[in-house]
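Shared chain: chain A. Partners: chain B in the first complex, chain C in the second.
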Partner chain A sequence: MLAYILRRLLYAIPILIGVNLLTFALFFIVNTPEDMARMQLGAKHVTPDAIERWKVEHGYDRPLLLNAKASGSAQLTDTIFFQHSAAMFVFEFGKGDDGRNIGNEIRTRMGPSLAIALPVFVIGLLVNITFALLMVFFRSTYLDLWGVVLCVVLMSISGLFYIIAGQYFISKMWNLLPISGFAGGVDGLKFIMLPVLIGVVAGIGSGARWYRTIFLEEIGKDYVRTARAKGLSEVRVLFRHILKNGMIPILTGAVVVLPLLFMGSLITESFFGIPGLGSYTIDAIQAQDFAVVRAMVFLGSFLYIVGLILTDISYSWADPRVRLQ
Partner chain B sequence: MIITADVGAVLGYTGGMMRIGATLLKTVLLGISLNLMSGCSDSWNNPYPGSAEEANVVYSAFTERPKHLDPARSYSANEAEFTGQIYEPPLQYHFLKRPYTLVPLTAEEVPQPRFLDSSGRELPSDAPSSRIAESMYEIRIRPGIRFQPHPAFARDAAGRYRYHAMRATDVADKTQIGNFEHTGTRELVAADYVYQIKRLANPKLSSPIFGLMADHIVGLKALGEALENAAKAHPEAELNLNDFPLAGAEVVDAYTYRIRIKGKYPQFVYWLAMPFFAPVPWEADVFYAQPGMVDKNLTLDWQPVGTGPFYLAENNPNRRMVLKKNPNFHGETYPIEGEAADREAGLLADAGKSLPLIDAAVFSLEKETIPYWSKFLQGYYDSAGISSDSFDQAIQFSGGGDPQLTESMRRQDIQLFTTVETSIFYVGFNMLDPVVGGLGKDRQKLRQALSIAFDYDEYISIFRNGRGIPAQGPIPPGLFGYTEGVAGLNPYVYEDRGGQIVRRSIETARKLLAEAGYPNGRNAKTGAPLVLYFDTTASGPDAKSRLDWMKKQLDKLDVQLVSRGTDYNRFQDKIRKGNTQLFELGWNADYPDPENFFFLLYGPHKKVGTGGENATNYDNPEFNRLFERMKDMDNGPERQQVIDAMLAIVRRDAPWIFTFYPKSFGLRHGWVHNVKPNLMANNTLKYRRIDPAQRNAKRAEWNHPVLWPIALLVSGMAAVIAPAAIAWRRRERKTA
Partner chain C sequence: MNSAWSSFDFVLLWTDALIFALVAGVLVLVFFIRRQEHLRAPWRAVAQRPMAIGAALVLSVFVVIGLLDSLHYREKMPDSPADAPHYSVDVLSVFDALVGDLRTQQEKTYSEPMAMQLYAKEFVQRDGVAVREYPRLKFGGSHLRHASEREPDITRRSLIGLAQGLAVSLLLFGLLAAWQARRAQNSFGEWFMLWGEGRLDWPGRTVAVIVMLLLMMGGLLIHLAAAYHVFGTDKVGQDVLYISLKSIRTGLVIGTLTTLVTLPLAIGLGIAAGYFRGWIDDVIQYVYTVLNSIPGVLLIAAAVLIVQVYVESNPDLFDTAARRADIRLLALCLIMGVTSWTGLARLLRGESLKLRTLDYVEAARAFGVSHSRIISRHIFPNVFHLVLIAIVLDFSGLVLAEAVLSYVGVGVDPSMHSWGNMINGSRLELAREPVVWWQLGAAFTFMFTLVLAANLFADGVRDAFDPRQGGRR
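Entry: the complex of A and B
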């Protein structure tokens, strides 16, 4: 298995270079370094000299991908792409356009992102699976029917609506929780309860329906019939047999997103004032801070690859027939 | 029995997950318990856990994290909210007096320039500008002012700086300035001001005003070049600015320094009230330049060192920024005079008291308007602006059109304050464009006709909820040169009807359009319809309705308007290259002088070719001549006469459609005192006073938790679960 993981990690390097190159190309097709300088320097009293100085300060005074004036390997290394990309492979992200160390920001902001994303993920998984199993248990009854209707209704509502409605009723009308903010330690509990609650409720519709489909597919299989024939109760059939066999598709969806929980949620963090990586990314996109966008895309790609590897490992854990070679 | 066994089976397989769930449930219950326990003294929704209820603290929000707090770099209003309280330039604006008046801050007095001719001989104060080679400002600061406590000043028993020779490992465990055990201070001296002026030229700082100041301060450009060369020669070394002389800024004695300005530039004195000219101690630069500091975000750009009434005690731009009273503050008292209405408004109740009147200010990051507004209504922010979403909830207009607070706002004892900003929005015509540009009579009439057709009185009503007043020229109210009432109307767009300013009729516009060669919106020679192009960065549903409105305005003249949407960068590029026809821009005053608006129309400053701020590329020799005269004049009847002549020219030529001067509306709670909008000053926090006891009582009254929804939820869940459990049981029994 170790050889498999190492091989997969090595495969990740060309993927990450490709992602990085693509991000770089897309960003610089839209923005020249001069555009970025103008964006950062504002609209007042911006002189060509000031733009040049900004470019030098941020290392954007080199050619983009190929330095024709340089010789040898410097033609490739003395470029914006290389200078800003190579260090990322050892997780050195450099500075954002505001001068702050990106690595430091990421380390600081991961905690708040996880404080929301992890409970939403775990509680959401529990609630969705439980709800799906209940619908399966009561399949073909009015409870199943209304359960599905409820799921469709919940799915149809915009995520933003849950946030606004949750803030309006729970925080503004009923004064039960702070409407936004964040704090560390035990003080932080009252701030994360509302976004977590909203995150879980917003995910029930799609999650429960998805798991219900998985379980219903399993429930028609021969081993289930055999289990029933042995005289097992429906609860035992559901929780001992169907749940276990339904784990592979559940793992596919769940484990792959596990590392990405670090990246946070763009909208939730913004609305609840959570100082996480989601709001960091959206701020960087709005400010056209290429250094931060590139770092976040790189990190996202890396974590996604890690997620895929973890998914493969979890397959072998959930199903002994799967062997990683 | 069966169910018990099944539950065991379920737990057996999902035990791990259930244990996690149980832990989380316990955590949530703990959270609720904590809330319940604290319910006696604290509201459940209080976003300031652990804060003392009676603390003399201002609570506010910031919507965008500041990018720079270094006074050489910072140029945004959201940054000035912090730098203005920490740094002290030599001058400041009087808090209450209008028109805006400069008064000393750290200086002994507002400096008067001395004029020198090309051979260095002093000239009389009324010498003509043509003879003045240099203006010299001598500034004397008050002795005894000390910097805030900071580790950069800390010394050991032998007098050596404790933290000026650190290695990266020494700062490995430091994440904020408070982590350094020792702090120190020292007296502010004139050299600190000179040092900061040199910092403006430091290429590593990219000061936004370096280009502008290099044109004015003697030797600053040369210093910039010298520093740039030095930085290129030794890219890794930190520049020691004390090794580089600056001809235009010299220390006279410990408390006096001189600044030499090329020619006459009376507006320079206003720059002396901005943080760009605040003192920075050299020790701070040495301290922050040490290895490992930048990686920890320990830089002067994020950790200011000033002499002002507050210091930045907590700097987490991702969550909150906290200003606390500077224990070394030199002392200042609340103004004892103001405008006539100030005493009645209670703004002189604290006259003569020591500043600041609060102990701290907590600024929380609040990006979205909904939570921002809700927290204000809950009493967790002391004051707030009004977004368009909440405007109707807060404001209603009286029969006479005056804005008033709604009943719900009045019930909460919320106060409204309004002010017309020293800003203008305008629609610019590219004067290089073959259709709308040029100074010929026909083009003037075309632009005048379009100026009438765009009914910005209607626009203000529809799109800005009345928050603006129609502009009559480039100078906004509150600045010298602005004339109130019918005497100051733009006669090409408005007329005086019995003392009322009324927009000219669309027939007048049609007539002007015909005279311009476009009768009924068609070219008189070719018969082709007149099609105009409007470049805009606006997008989204709101923008669409505004663009539709603009199109409708020109439909009145049978002129077609085509909107060309573009992003900000492309838009700027088009403006720079003169590839536009019509576009919309705005300008916010740097300082309260008409020169700061007229220079936007000064020919030699045109965007195409020079990269100046004249985006329309307007270039009228007569206007330019008057501008050159006006900019060096002192305020008075003679200057007003020149300004009136310039206004007459620019209204006739109509390179801009003067659209509106924005009006800002702000709200504050009844416990907040000494709030008077001051659009020039950014250091007004020191005057603010609050009544914490009243705030605390109101917060408790407004935020009493409503518990019935929890009971309803529990009952509802029971109502759903009970029949399901019964059905489950029946079914299990049937299966068994």
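Entry: the complex of A and C
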């Protein structure tokens, strides 16, 4: 087991290097520091001097890969690649355009992101499984048919609509919850409720439908027929056998996204004014703060790879038939 | 004839060219499928599902509008010399020409749906005195003399529109019945009985009802839009119905061209990885794990920023605003395509891994059939259903993604009509007092209709093509 995890970790390193090289190519070779400077300074202020000054301010005045002027190991280290891309491996992200340390920002903003994303994930999972089980229990009746149609309708509605309609009706018309904002501790509860509610509702359509197909796949199997043949009630079959076995693909599918919850949701956080990583990213994209976008790309990939490793481990934990060598 | 043609300059945007190439490709495919019984059978199964066929009819309305909106031209300036004509900088489409006044009837600012007055009070000079009142619209309801005439006029126009739609649909139905009855050598009454009891070999009742509803809605819109702004006007006074209709093309382009980009990558790399295995498999798996691990929105954002820089630093390559917006739309499709081929590729890899061990493939290899021939004759036809299901399933997700990307600021060009831009532009209108809801409402309604139709159609296609789902429902 330990050897397997170690091997998976080693396998993750080339992938992270690939991500790093790709972002380096996107941000520094296809899109040169001159281009970035020109875009940030705006058409009016572009002079060679201003571009040079901008590059010095951001530390982009070094050569890309090889510094011929320096000597010794500085030939490799005093370059954009080493200072800005390779440094990310030790989570050294540098400063954003607002002068703040990106690493610090990430640490303080993870909490609020998680405060929204985790409840949405957990409650959503429970609600979706409940609806899916109900549809499976009433399968091939009109209740099931219309349940599926309702799911298709729900998933055809834009996520933006759920947020806008939720904010408008619940906060503006009926004044039930604050429209946006965030606070720590128990005070924060009233701010969290609306985004969590909307996040759960927005996910029901696709989630419940997907879990329904998983459960239906289980229902056709032999062990279910055996369980019925020994006289178990339908409810018992559903909970003891189908739910338990159906949970394997559901849980392992959920483990992949677990680490990514730290990243938060771009749209939800920006609509509800939550100071998390999602709104940080969206602000950075809109302000064209390349350093922050680059850091978030790396962080996102890192968390995704962690998720992949956790998935493999959880497979062997949830399903004894899967043995890792 | 010659002079009429020379007063236009046909404009072929990049996305137009690709759309027509796509249409040609689909027509070739249809021609091919019609001659192969085993390919026709699942499509016939799709056509027998009421839900799928109804959705397909709704989709076809969107597609027709989108195609008409893809034939672009520029008008000649009226006073330009004949030997060296100047053309207007506005790129129009056949759709613009068809809807005519809808595009040009611009009000001053917001007005409610079907209104005859502006939405906000203004100072108006009346008999030398400044009065604060709701000014009349320039076009919406301008034929009315008094506000009390508005409701009867709307009712009259609605009824005429509905009646005309009904009449056309009944006429069509009669023609269809006559043709079908003649082909089946039934009497008219017999066919009608079969139709009424739902015993035809196609879902006749659903088709009839959907076509009738669509035609009646069309009649209603045509008659009302001739005199009113059916969905109101936006901040600069543009007709919201016109903007929503123009956005259809953007949605369709993103939904279809993106898939067009993903297909060669997903099919080529997915099958190659599964069929050849070994180091080819390792390399391809590595590439798609790397791409997959980067959060999609961020990769798209990075690439869109880069395209923006390119367009800004090469302004001479794009002579009109339409061309600039078009290249950004194309770039968006390319980027979304490059980031979203991984799922299908993984699926095709798994399937090819299974197929390559089957007896008939091994036999083909033993006979010395070349790799390219095995892949094209034995592997590809057996994974084609997966490709098709992926195309129709992805479409609706891509249409929805456009709105989110436009909100983030990395979607289509802000000057291009799209539902995402409409939603983005009307975010602050809900906070305004009194609320402006119609632009948001129109964008969501149109988007919902298209996505729902696409989802229902996709369900039908998946049920018909996926052997695992066969018979279960």
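Keep this in mind: the second predicted complex is superposed on the first by the 296 of 325 C-alpha atoms of A that agree within 3 Å, B and C clash if a C-alpha of one lies under 4 Å from a C-alpha of the other, contacts with A are read in each partner's own complex, and residues count from 1 in each chain.
Please note the rule applied: a contact is a pair of C-beta atoms (placed from the backbone, for glycine too) under 8 Å apart; a residue touches a chain by one contact, two chains touch by 3 or more.
This structure is a prediction, so every number in the text was calculated from the model and none was measured.
Engineer: Overlay done on chain A, so just call it for chain B and chain C: clash or fit.
Structural biologist: They clash.
Engineer: In the superposed arrangement, does A:39 touch chain B (first), chain C (second), both or neither?
Structural biologist: both
Engineer: Which partner does A:86 reach: the first (chain B), the second (chain C), both, or neither?
Structural biologist: So A:86 meets neither chain B nor chain C here.
Engineer: Looking at the overlay, what does A:296 touch: chain B (first), chain C (second), both, or neither?
Structural biologist: Touch status of A:296: second partner only.
Engineer: For A:160, select first, second, both or neither according to whether it touches chain B, chain C, the two together, or no partner.
Structural biologist: A:160 sits against chain C, while chain B stays out of touch.
Engineer: Tell me which partner A:263 touches in the superposition: chain B (first), chain C (second), both or neither.
Structural biologist: A:263: touches chain C, not chain B.
Engineer: Once chain A of both complexes is superposed, is A:109 in touch with chain B (first), chain C (second), both, or neither?
Structural biologist: After superposing on A, A:109 lies in contact with chain B but is clear of chain C.
Engineer: Just to be sure I read the superposition right, which of the two partners does A:31 touch: chain B = first, chain C = second, or both, or neither?
Structural biologist: Both partners, chain B and chain C.
Engineer: A:13 contacts which: chain B (first), chain C (second), both, neither?
Structural biologist: neither
Engineer: Quick one: is A:216 in contact with chain B, with chain C, with both, or with neither? Answer first, second, both or neither.
Structural biologist: second
Engineer: Which chain A residues lie in the overlap of the chain B contact set and the chain C contact set?
Structural biologist: Looking at chain A, the two contact sets intersect at 30-31, 35, 38-39, 164, 168, 172.
Engineer: For the complex, give me every residue of chain A touching chain B.
Structural biologist: Residues 30-32, 35, 38-50, 53-54, 56-57, 95, 97-101, 103-105, 108-109, 119, 122-123, 125-126, 129, 134, 137-138, 141, 143, 164, 167-183, 186-187, 189-191, 193, 233-236, 239-240, 243-244, 270-273, 275, 279-280, 283.
Engineer: With touch defined as at the start, can you tell me which chain A residues reach chain C in the complex?
Structural biologist: Listed in rising order, the residues are 14-15, 18-19, 22-23, 26-27, 30-31, 35-36, 38-39, 140, 152-153, 155-161, 164, 168, 172, 216, 220, 260, 263, 266-267, 281-282, 285-286, 288, 290, 293, 296-297, 300-301, 304-305, 308.
Engineer: Report the residues of chain C in contact with chain A in the complex, numbered from low to high.
Structural biologist: Per the stated touch rule, the residues are 286-287, 289-290, 292-295, 297-299, 301-303, 305-306, 308-309, 312-313, 396, 400, 403-404, 407-410, 423, 427, 430, 440, 444, 447-448, 451-452, 455-456, 459, 472-473.
Engineer: Applying the document's contact rule, which stretches of chain B touch chain A when the two form their complex?
Structural biologist: Within the complex, chain B contacts chain A at residues 2-3, 5-7, 9-10, 12-14, 17-18, 20-21, 24, 27-28, 30-31, 34-35, 43-47, 49-50, 65, 67-68, 75-76, 203-204, 206, 208-212, 228, 294-297, 299, 301-302, 316, 318-319, 364-368, 370-371, 374-375, 377-378, 567-569, 572-573, 590, 611, 613, 702-706, 709-710, 724, 727-728, 731-732, 735-736.
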